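Naming follows writing order (A, B, C, D and E), and every chain is counted from residue 1.
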Amino acid sequence: MQLARVIGNVVATVKDPNLGGHTLLMLQPISPDRKSVGRAVVALDAMGAGVGEHVFFVRGREATFPFFPGEPPADACVVGIVDSWDVE
Amino acid sequence: MQLARVIGNVVATVKDPNLGGHTLLMLQPISPDRKSVGRAVVALDAMGAGVGEHVFFVRGREATFPFFPGEPPADACVVGIVDSWDVE
Amino acid sequence: MQLARVIGNVVATVKDPNLGGHTLLMLQPISPDRKSVGRAVVALDAMGAGVGEHVFFVRGREATFPFFPGEPPADACVVGIVDSWDVE
Amino acid sequence: MQLARVIGNVVATVKDPNLGGHTLLMLQPISPDRKSVGRAVVALDAMGAGVGEHVFFVRGREATFPFFPGEPPADACVVGIVDSWDVE
Amino acid sequence: MQLARVIGNVVATVKDPNLGGHTLLMLQPISPDRKSVGRAVVALDAMGAGVGEHVFFVRGREATFPFFPGEPPADACVVGIVDSWDVE
């Protein structure tokens, strides 16, 4: 998984029916010292995260697990809202 | 998923039979401020997207979900046409 | 999927038995304007592609789909020979 | 898999229920000569690794294998604590 | 798959039980002209490869195929020892 900051939302009227009802968040992956790293990602939200919050998200097939037995065609999903982290 | 702009089409007469009938789009991934980021991607289209439109696409095994029970050998698929996005 | 040019072949006598009988192609991924992008990839060939041809290939689990019910331990496979592409 | 150093922990009260009870480690991938390479990763811990230890971790669907039949929505997991490595 | 040179071994006493008995190789991915490209990878060995040999390895879920019905939590595995390759 990776740390990210929620930076916005994506609006899409025309989308796969199995994405219906899901919030599409725009995430900016960040490093432990809160710098932006790499590309923004469009992710589903399984946690009710809001813009400005720090989260961690999962990529790949596991991004659909929180919606089981639903199978949205998604490869990224927020699975936790981060309270804090500490690094050496 | 990732934001992208549809920049063209790919024509292939000789292809896997399970790709028959599918449109092959050329996508350029973009950042939230509409700059090109990274390599162009050849993707299936589950949404009827046209050149110039902004879309989001899914990678990996989930790229076949919109065609279930079909299983085209594809690792990228457009699953939404983007109306707009807002970022902080 | 990604565009690539077939640049050569790989010879391997000692390989996983489920790769037996498969051609191993060396691919150079290319951009829509035919420049090399990123690393060369060793891929299976489901299409009979030859050196110098432009193809598109699939990565990941889907690379085994063309050989179903066979399950070669492969993560890249040529699934189409490209006639042409057009981009804006 | 990849070598990494455990550099910290992530605290998240609000997370997917299937992540409950799992430790979330912050890993810094390293090269064989112990230099940091690439982005920090948030990973589950199947081994009881501590901060400062060298480990190797697995990405993708296999990151859930150590917890079978549990299926935490995770794409990275520490699966070994490294005693040593030798390279030419 | 990708070309690589076997550059060493990894020793890990504490590891997932399903990795028991498996050799852990350190691989350096290489380009067709034998230059190092990208990060070193820790991979299982399904072929009995030795340090200094050129191999190709598979990533992702397919890395477990050679050990079926075993399911080691691994995302990289050597599946062939390369005799030679030729590129244009």
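Quick notes
One rule holds in what follows: contacts are C-beta pairs under 8 Å (C-beta built on N, C-alpha and C of every residue); 3 or more make two chains touch, one makes a residue touch a chain.
All of these numbers come straight from a predicted model, not from anything done at the bench.
Minimum number of contact steps separating subunit C from subunit D: 2. Put simply, the C-alpha centre of subunit D and that of subunit E have 19 angstrom between them. Measuring from the averaged C-alpha position of subunit A to that of subunit C gives a distance of 31 Å. Of all residues in subunit A, those touching 2 or more other chains are 60-61, 63, listed in ascending order. If each chain is drawn as a node and touching chains are joined, the picture is one closed loop, every chain linked to exactly two others. Tracing the ring of inter-chain contacts outward from subunit A, first into subunit B, gives the chain sequence A, B, C, E, D.
Of all residues in subunit B, those touching subunit A in their complex are 1-3, 29, 31-32, 37-38, 46-48, 56, 58-63, 65-66, 77, 79-88.
Touching subunit D in their complex are the following residues of subunit E: 7-16, 18-19, 24, 26, 39-43, 51-52, 60-61, 63-64, 71-76.
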